[in-house]
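Down below are the structures I want you to see.
Each of the next two complexes has chain A plus one other chain: chain B in the first, chain C in the second.
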Partner chain A sequence: MIYIHATGIHNTIPTSGQPDLRAELKAMGADNRRSDHFMRLAVIGAHKAADGHELPAETAVYMTSGQGNTAVFNRICSALRIEKNLPKPVDFINLLSNSTGFYIASHLGLAGRNIFLTHHHFPVQMTLLTAQNDITQGLQQTILAGGVDEWQTRPQLARKLMGIEETTVLGEGSNWLLLSPERENALAVLEVEKRCINEEELTLRLRAESKHHDITIAFAPKITKSQAARFMNQYPSFKRHNYEAACAYYETLAFYALNSFIAAHKKGRLLHIDCGTNGYMLMTVEIIP
Partner chain B sequence: MVSIIGGALLSALGNPPRRIEALRHGRAEPGTLETMIGRDRVSYPYYRLDHKPRPIDPAVINGYLDEVMEKLGRKLALNPAELGNCGIFLGSSAIDYYQAAVLEQAVMNDSTADIENQRAGGGCYAERLARRIGCDGPCLTYNTACTSSANALIDAAAMLAGGIIDHALIFGLEITSAMTLQGFIALQLLSRSRVRPFDIKRDGMILGEAVSVVLLSRTEIRPSTWHYLSGGSLSETYTVTGANPDGSGIAMVMAAALKDAGLTPHELTAIKAHGTASEAMDSAELRGMKRVFERLPPYFSLKPYIGHTLGGCGVAELVLTMECIEAGFIPPTMNFNQLEPEFRQPPLQQARAVKSGRFMLNYFGFGGNNTSFIIEKTP
Partner chain C sequence: MTIGSADESLKRRLKEMIIRECEKDNFAPAEVPDDVVLFSDECALGLDSLDALQIAVALQNQFSVRIPDSKSFRRHVTTINALADFIQPE
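What follows is the complex of A and B.
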């Protein structure tokens, strides 16, 4: 169990290409040089979570992404295969996932642990599980944990890579949580299930949750509409967090689901349900009134 | 407490007897790798683990991961399926290989490419390994440049200590890619001759391939004479390409690992340095060590033996270090001749008899990512 002290939400539904973020970044006092769209997106989200907080220099950055910085990969491929040139040094460096973490740390003046990690099905849950374990173990005192996914410049190909339907609208987002073991001044309590659970265990868990008051459920995009409807019918006291209405698809949407719930509620408990080939993965957020 | 049960490695040094022979006597030579720059075919020294062609093909990488896992199973007489509550942790600087195959084709043909309608992404290799081995714990993939698999190992140890898992398989993965080679050529960081870590005449790194795995377990479940004692992982923002030249960031992470282990600097038996032979980073590393250690313990670099295996070096160099100590020695740093005048203690130049002790392993990478962990071998 760990505490959420701040959220940073940057969530957009681009209509034609990647939005230009340079003005927004400049207004935050961040350096635009050598960074690209993916990095700018990351810095903006992290800045929003850190804004108004005096972060200790040893604050760690745990970042994840579904597809990573694919635009820079495209640029390098074009240089190598079409233009027959060496990649630009800056592109090659930016291709490394943790270069983005460097720009976040640089902007916020951090010198703590800085990692980029991912998971095939549950990038958000596994990043938060790692953060939860490190805070519980006393290995970290403050962690800025976030997920970043940019709007894909080759949307049809991206949908295939993400295994989603051709009609799915793509979005982009950079959503961050400021985590610590301290309850004082916290917005909410976060708990990430340590392992996947099966259908039967999920039923038991939902039954137990139904004894609480003021339960809201958020379903990840992989939970089908019919599955979601079935859960909601079984537990009519549960409310639904319709975060989907304000966003389009990207693979770290789970961060947005949690953050938008915290931003919109002064009390209550959110149960976030996601699924992969090994079963269901649960996260709960309980607002501290 | 966390036990290190054992490891396996595929690298340019060949099988374990050949590796021990090479490391004891300081003998290894890189091969070469050709690449196209514009219309010119150029050749660079490269430590390859075999001479098979290297298309960007996930199947090739999966094949190496399976092979190294089978080697570990045989070495430890272990059926991985018996491990039960086991996590998979994979570190690589090139986790995007899986998308690369498809994206590269799409860019070249300006097409959407014909692929199966299933998700691809950086976590694919770890996910496939977990399914194949039958692990139901977390399976995480790390990309923190040259510290990737060292960071994976630190998190695996933390999850073992936290009781989330009972066992952890940590993989280091680095396979040749034209993109990586050409990126380093563009950065002008490669030597055209030899890797000379810490030598005054060093002129850059030579890249290498390695696929490696190490098994960690909770000591109460699977004891061992090897233990993971502590790890430090910090970042610095002096420059995106590495550490502050004054060595302050490097010193901080080593001090953090020592503090976490409850050790004083003089209690270390030896240090496996990062020692890439890059002009700036080797000096920063020496200055960092100078800040922490009044008198340096013996230190060595493994890069002249297998090359710089980037994100894979965390686990690959751990396996090599453990193999040397199991064989009763710590290895010399090949190709070293003379230090710069500001430094006093050279790296180890002859193999030294060591059978047990506490060893610090250091890794530093792009993005200002610094990682250091300490292991112990009891007699």
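What follows is the complex of A and C.
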């Protein structure tokens, strides 16, 4: 169990290409030079979570992404394979494992642990689980944890790779949480389940949750509409967090689901349900009134 | 036919390339002097070693000029005039 002290939400549904974020970033006092869209997106979201908080220099940055910095990856591949030219050195450097984390740390003046986690099915849950483990074991005192996904410049190919319907609208987002073991001044409590559960265990869990008051459920996009409807019918006292209404698809949407719930509620408990090939993964957020 | 440092069009293209590749968008080509050493305190662009790498790759991609090492870079990429003479020698 860890505490959420701040949220940072940057969530957009681009209509014609990746939006230009340079003016917004400049207004935050960040240097645009040598950064690309993915990095700008990351810095803006992290900045919003950190804004108004005096972060200790040793604050860690734990970041994830479903697709990563694909625009620059495409540009490098295009330079090498199609144009038969050398890629730009800055593009190459920006693709190195954790360059984006460096930009965030540099902008916020942080020198703590800085990691970029990836996971095929549960990028958000695995990032928050790592943060939860490190905080509960006393390895970290403050963690800025976030998920970043940029609008895909080749949407049809991206939909195919992500295994989503051809009509799914793609969005982009950079959503961050400021986490610590301290309850004082916290907005909410976060708990990430440590393992996947099967349908039977999920039913038991939902039954147990139904004993609480003021339960809201958020379904990840991988939960089908019929599955979601079935769960909601079984437990009519549950409310549904319709975060999907304000966003389009990207792979780290779970961060947005949690953040938007915290931003919109003064009390209550959110149960976020996601699924992968090994079963369901749950996260709960309980607002501290 | 004017070539090298006498070719104003070439020098303008070089300046535009440097500004673009080094993301020095707050500079206009006219603000980059022809005869000031680019990688020096006298040059307002404030370029660094990563900019040198960007310029070297851009020269290869856009002008088919290969600069194999840092020694060669330091010899040829001094001022705009020198760079233009290197690209289009007499």
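Criterion: the second predicted complex is superposed on the first by the 288 of 289 C-alpha atoms of A that agree within 3 Å, B and C clash if a C-alpha of one lies under 4 Å from a C-alpha of the other, contacts with A are read in each partner's own complex, and residues count from 1 in each chain.
By our rule, contacts are C-beta pairs under 8 Å (C-beta built on N, C-alpha and C of every residue); 3 or more make two chains touch, one makes a residue touch a chain.
Keep in mind the model is a prediction, meaning the values are calculated, not measured.
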item	value
Contacts of A:85 with chain B and chain C, given as first, second, both or neither	both
Which superposed partner A:249 touches (first chain B, second chain C, both, neither)	neither
Which superposed partner A:33 touches (first chain B, second chain C, both, neither)	second
Touching partner for A:157 - first (chain B), second (chain C), both, neither	first
Partner chain(s) touched by A:194 [first = chain B, second = chain C, both, neither]	first
Overlap of chain C and chain B interfaces on chain A (superposed complexes)	34, 85-89, 93
Of chain A, residues touching chain C in the complex	32-34, 85-90, 93
Residue ranges of chain C in contact with chain A within the complex	21, 23, 50, 53-54, 57-58, 60-61
List of chain A residues in touch with chain B within their complex	34, 58, 61, 65-68, 70, 73-74, 76-78, 80-82, 84-89, 92-93, 95-99, 101-103, 105-106, 110-121, 123, 126, 129-130, 133-134, 136-137, 139, 154, 156-157, 160-163, 194-196, 251, 277-278
Complex contact set, residues of chain B against chain A	36-39, 93, 95-96, 99-100, 102-104, 106-108, 112-113, 115, 117-124, 126-127, 131, 136-145, 151, 155, 158-159, 161-162, 164, 178-179, 182-187, 233-237, 240-241, 249, 252, 365-369
